[in-house]
Amino acid sequence: MSRSLASMLAEGRHRYLIRVYYEDTDAGGIVYHASYLRFAERARTEALRDLGVPHAELVEQHGLIFVVRRVKVDYVRPARIDDALVVVTQPTTLGAASLGLRQVFQRPHVLQGAHVVQGVAQDEVLARAEVSLACVRVDGNGPARMPARWHEALAALAAAEGTTRSKE
Amino acid sequence: MSRSLASMLAEGRHRYLIRVYYEDTDAGGIVYHASYLRFAERARTEALRDLGVPHAELVEQHGLIFVVRRVKVDYVRPARIDDALVVVTQPTTLGAASLGLRQVFQRPHVLQGAHVVQGVAQDEVLARAEVSLACVRVDGNGPARMPARWHEALAALAAAEGTTRSKE
Amino acid sequence: MSRSLASMLAEGRHRYLIRVYYEDTDAGGIVYHASYLRFAERARTEALRDLGVPHAELVEQHGLIFVVRRVKVDYVRPARIDDALVVVTQPTTLGAASLGLRQVFQRPHVLQGAHVVQGVAQDEVLARAEVSLACVRVDGNGPARMPARWHEALAALAAAEGTTRSKE
Amino acid sequence: MSRSLASMLAEGRHRYLIRVYYEDTDAGGIVYHASYLRFAERARTEALRDLGVPHAELVEQHGLIFVVRRVKVDYVRPARIDDALVVVTQPTTLGAASLGLRQVFQRPHVLQGAHVVQGVAQDEVLARAEVSLACVRVDGNGPARMPARWHEALAALAAAEGTTRSKE
C-alpha cells in the first residue's frame, strides 16, 4: 500500500482521520477548543502532500510559507476522548498569493478499523472552520505569489468543487 | 500588594499580560496561531476572577460552565519568543445565557519591568479575536441562564463600554 | 484493510507512526521537548487498542484509568518539521497495578509512503523514554489491580520480550 | 513596582507562580502530564531573566541556545483547574556548557491574592523534575561554552545552594 488510508483526496475534497487523545481534551471532558486549529493544520498539511505539493518543498525550494491570516470556527457538538474525527478540507477561494479553505470536522456514523470511511448522511458535524492563508516570504513575511505548480494543483482541486477564484 | 499587576480591570476593559515562551512558538519562528486561543482563554479567566466571579465558583456552586460557541481571529502581525503581549478583553454582547467578547492582542510600546502598561497610541495590534461563549450545564451541555450575580457583574462591565445587550 | 498501517504490533513491540507538524515544533526550529510526551501517549494508546484492551473500555467498564507516575526522556538528536517518526513501545515491567514501558523515537532510514517500515540498523534514535504508569480508580485516584484480561494481554506482550514481572 | 511578584529569586532558589487553565488539563480532570514540562520551561526562562541573563540575549548576542538533554519527572499528586502552583527552581550542577536544575511543583498552603508566598512546611509537593540543559550553537547544534557572564550568574546562584560544579 502506497499511502496511509488516514488521508484521502477525492472529488475536490480531502479527508483526514484524527484520533482524539488525552492531550487534545480538557477538564470539561471534551476536546479543547484550540485543538481544532491543530487538527485543521494537520489536515491542510496532508491535503497539500496528497496534492503533490508538500509545504516542505515550498519552504526549501522557494523560500515561501503559508501563514494563517484569519480563522473562524463554529463549534456545534463536543468531541470526546477516543473519538475518531474526519476533517474534510475543500478550497473556497484561490488567489495568486492566497488560499481560502473550508474545513469541517465530522464524527463518522460508521468507522471500520481506523481508516477513513466515506462521509454519509448520518455523519455528525462537530465543528466548521473557515481558514484564510497567505503565501509569504520566509525571510521578510511579505506576501508572494505561490509557485505555478502549486497554483495549478490547487486550481485543479478547486475546479472539482466550483471554488471562487479571486484576483489578488 | 493584593493582586498581581499582570491582570488589571479598568474602564470596562480588562488587561492581561502574557509572556511568550518556546511552548507558544513554532518552527516558522513566530507564535503558533492556535496559541492565541490559549492566551485568550487565560485572559478571560482572569477577567472573570477580577470581576469577582471566578469560573470555579460557576462550576462548583451552580453546575454551570462557559463553553466556546464561535471564535474568529484576525492575525495582523506575528509575535515572537520573549515578547510581552497584553490581551485587552471587553464584553460586546450579553444575554441571559451568552456572552460575546472582543479580545485584542497588543505589543506594548513601552513595557517597564513585567507589569501591564496602559495601552498608548503606539501599541501594535498583533491579533484581534471575537469570541462567543454560552453558559451551559456541566451535566447535559444544554444552555442555562447564568447566575444573577454573574449577569450583574458582566452587565456593569458592559455598561462601562456601551455593550449591546441581547435578549436570549 | 482492517487497520491503519500507522500502528502495528509484532514481536513484543508496537510501532506507531507520527508525522511532525508545526504544532509540535518551536522557534528553535526543532520539535519542542514536551511534544515527545504527547507522541508517547498517542503510541501507548494505540498499543493498548491493538492489544484489544482500549483504555476507553478501562474507564467505562471498570472505572479505572492509567496515570503517569514517572517519566524520563533522553533527547539524542532533534526532530524537525515534516519528519516521520516511529515510536517503538515495549513493556519493561508489569505489576498488578503498574506498567513500565520503554518508548524509543526513531527516524526511519527509509519510509515508503506513509506507513511504518520495520526498523533497520540505520534507523536514527532521536529520543528514548521510560514511562511508569499506575492503574488507579477514576473516582478516588487510589491504585487498583488492572482487570485480568488486561493483565493477560500485557503479560503476553511482555513474554515476547522477556519483560520483568514485578509483584506489586 | 519594578517586577511582577509572580517571579522571585531568593536564597539560591527561584519561585515562579503558575495558574492552571483549561489548556493545561485533560479529560481525566487533572493537569496533563506534559504540561509540567511547559511550566518548568516558563519557570527556567524567568529564573534566567531574574538573574539578569535573559535567553533572548544568549541567542541574539552569542548565537547560543540552551536545549533540553534529559528530563525526569515524578508525579506525586494531581493538580487541577484553577490551582495556583509555585515552581521552585534550583541549580544542581553547573559545567562550562551544561546546567542541571531541580524544579519542584508545589501547591502553596496559603496563597494570598495572586502573588508568590514563601513556601512553608505545609506546601504540598505535586511533582519533582530534574532537567539537564546543554548550551549549544544555534547554527550547528554542537555544544558550546556559555558566556562568562552567564556562568558567573549561575555560579553565584549555585553557591547559595551548595550546587555541585562539574568540569565539562
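Each chain carries a letter (A, B, C and D) given by its place in the written order, and its residues are counted from 1.
Throughout what follows, a contact is a pair of C-beta atoms (placed from the backbone, for glycine too) under 8 Å apart; a residue touches a chain by one contact, two chains touch by 3 or more.
Everything quoted here is computed from the prediction, not taken from an experiment.
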Same-residue or different-residue interface between chain A and chain D, half as cut-off: same
Chain located farthest away, centre of chain D as origin (C-alpha): A
Whole-Å gap between the CA centroids of chain A and chain C: 27
Distance from chain D to chain A - Cα centre to Cα centre, in angstrom: 37
Junction residues of chain A, two or more chains touched: 22-23, 28, 30, 34, 38, 41, 81
Chain C residues within the chain B interface of the complex: 22-23, 25-30, 32, 34, 80-81
Chain D - residues contacting chain C, complex: 28, 33-35, 37-38, 41, 65, 67-75, 78, 138, 141
Chain C to chain A touching residues, read off their complex: 1-7, 17, 19, 21-23, 38, 41-42, 45-46, 54-56, 81-82, 112-115
